[in-house]
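Next come two complexes, and both contain chain A; in the first it sits with chain B, in the second with chain C.
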Partner chain A sequence: MKEYKLLITGTMGAGKTTAIRAISDIEPIVTDVVNHDSSVAKARTTVGLDYGMLSLDNGDRIRLFGTPGQARFDFLWEILARKALGLVILIDNSRPDPLADLAMFLDGFASQLARLPCVVGVGRLDTHPATTLDHYADALEARGMVFPILTVDVRQRADVVSLIDTLLGQIEAGMALDLP
Partner chain B sequence: MIDIQNMPAGLPGVAQRAAAACLAEVAGVTAVVIATVDGFDMASAFRGNQDAARIAAMASSISAISSMVAVEAGLGSFKSVTIGTDAGFAIVQAVPRQDVELVIHVIADGDAILAQAMHRVGVIAKLLAGAGA
Partner chain C sequence: MELRLGTINLEPKDLAYVRALVRLFAHTEKLSWSFADAAPYHAVVADPGARAANPGFFAAFEGLVLTLGHLPGQSAADTVAYPIRANQFRDWLKLRQDSLRELLHRSDTPAMQPVMEIAQVVSTAAPSPALVKTSQAGRRYKLRRWPPADLLRGDSGAMRMATFMSRNALSMAQLAALTGQPEDTCASFVAVLHAANLLVEVVAAELAPETAVAEQAAPVRRGLMASLRRHLGI
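Here is the complex of A and B:
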């Protein structure tokens, strides 16, 4: 049996907690509190970490950790990323500048992304189509990065599973390349 | 950003005076930050240069994770946690309020006496719990 630690990050309100809740086999551990940020219409926000567990059909288990989304918690990003095998970045396409949001996480996890597989999940693209997946691909390419970019509705288990499957595929491909 | 206008009247002022008095009167205390539970600094007092916003965010995370530990262990509501180090200690104390939950974060060096600091933090928590309500 293999155990994977995956990290889910992204902007406040992008749905990190919801994504973990959608696929976790256990009741997730969440550290959300009342939100006092008047710039974001959201009742509660994660300030510590989220944790969930997903068992795969082959017996492997995935430990899912979610980060706070706000940059003021970036000290936790580095801590939570330790020993992670892959990273999911969730972006809320309804925010004013989602490409800047992506840039913030690419910068915030720059050292980890130099070695870790990553998948970008873009939410609310159907209702806010101004920024397209091509725009995200261009933004990554400008940094010399190529990651899968998927549309996602984090409330839908199948969408979140698809993100995780894509990330696991990258991880396993990387492990295969590392074999002697 | 935190909207101070929506804070209970007088609470930020009470918090600022309490932070300043703690720093001035408790030997070894180097920083006092009083923050909302989601990590926005409402009041602070320091010796030297320290980042109130960063300390507030850390206090929020420590409080939230400690709360979850308390729940998972069936230990009731989180009240406080003390972080001992080889150069001093830090105390994170919850301030339960119905309207806006707060967290007090006190950092002290090796000259500080833990019991004295804990007592003072408890006094501040009680003061803030009833202030501006």
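Here is the complex of A and C:
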């Protein structure tokens, strides 16, 4: 049996816990606590990390980690990213400056993202369309990065599965050159 | 009824782009247009030079000729400026498809005749799909930017091809093998990306050294990916 891990990161309220709950085989172990940040309309939020798991038919396990969303926990991001298969960045488009949020995670995971497969999921785009998917593509291009960018509603399991499927495509592409 | 779209004197890159977009929209938008290498045509896409040289000739077929680039005095409705935007081209195809169908339903209107005549007097230099595919053989492409949303339009096949090319420089054969898409579909999509200046071509010597490590791990990882997809019901 082998164990692997996938990371899901994002700002407070972006839906990391919900995304893990959508696909995990076990009830996620959460470390949510009462939110005292008055700028965020959310009663509870992740301050440590969330944990879920997928048990595969060959006995392997995929551990799902939701990282703490606040930048002050960025020391944990690097630790969690070690030996991870890939990273999902969840963006909440309803926040005041979602492009700055993306930049924060790109900076926080900068040393890993040169090799770590990554996909960006943008939530609440339907109700907050001012920042478009193309704006995110522009922001990534300015850093010389190209990652898939998808709209996502983490309450919908199909959306979360699609996000993971896209991440798997990124991983597969990294081992593609033994093909004809 | 299938509608035939031809081209007049387009640059090879524009020709490849138009051809690829027509194929893409036939799939994603269910448009009735198909790209035709030879006459007769129901409508054509023309180079501005050809139009400028024969203004009277083209004026007789107003509404059925889309000109790339801007010509003074020409209706903006039948012009797509450079760089060619996929959504504008799609909108023009939709509009002309609707108007042609309406005309065809009037039995006393010889709606198709004028454009067929254009097709017979104006030669085109469209390379065959086989030629386009051959010209891309052996080349590897990587995305320089994630494609605009109006190009992908949520199409799962296009998203998958873009995902693979966002991570690694791939040949057409590799892209087809990884995505399960036919090589022709991959070639069309690559032509669209190429024309939109979204690709970089990578030669073998420039490939990253970690590729060798990735290749060694590939069989194990592929099994893992397949198992994970099964588990998620993909």
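Rule of thumb we're sticking to: the second predicted complex is superposed on the first by the 164 of 180 C-alpha atoms of A that agree within 3 Å, B and C clash if a C-alpha of one lies under 4 Å from a C-alpha of the other, contacts with A are read in each partner's own complex, and residues count from 1 in each chain.
Throughout what follows, a contact is a pair of C-beta atoms (placed from the backbone, for glycine too) under 8 Å apart; a residue touches a chain by one contact, two chains touch by 3 or more.
The model shown is predicted, which means the values in this text are computed figures rather than measured ones.
Of the two partner chains placed around the shared chain by superposition, chain C is the only one that A:Ala173 touches, whereas chain B remains out of contact. Of the two partner chains, chain C is the only one that A:Ala137 touches; chain B does not reach it.
Between chain B and chain C, the partner in contact with more residues of chain A is C.
Applying the stated contact rule after C-alpha superposition, one finds that A:Val146 touches chain C and leaves chain B untouched. Considering their complex, residues 29-39, 45-49, 68, 70, 72-73, 75-76 of chain A touch chain B.
Every residue of chain B that touches chain A in the complex is listed here, in rising order: 1-3, 6, 36-40, 53-54, 56-58, 60-65, 67-68, 72, 100-101. Residues 2, 4, 23, 54-58, 60, 62, 115, 117, 119, 132-134, 136-138, 140-141, 146-150, 161, 164-166, 168-180 of chain A are the ones that touch chain C when the two sit in their complex. By the touch rule above, chain C contacts chain A in their complex via residues 142-149, 159-160, 162-168, 170, 173-174, 177-178, 207, 210-211, 214-215, 217-218, 221-225, 227-234.
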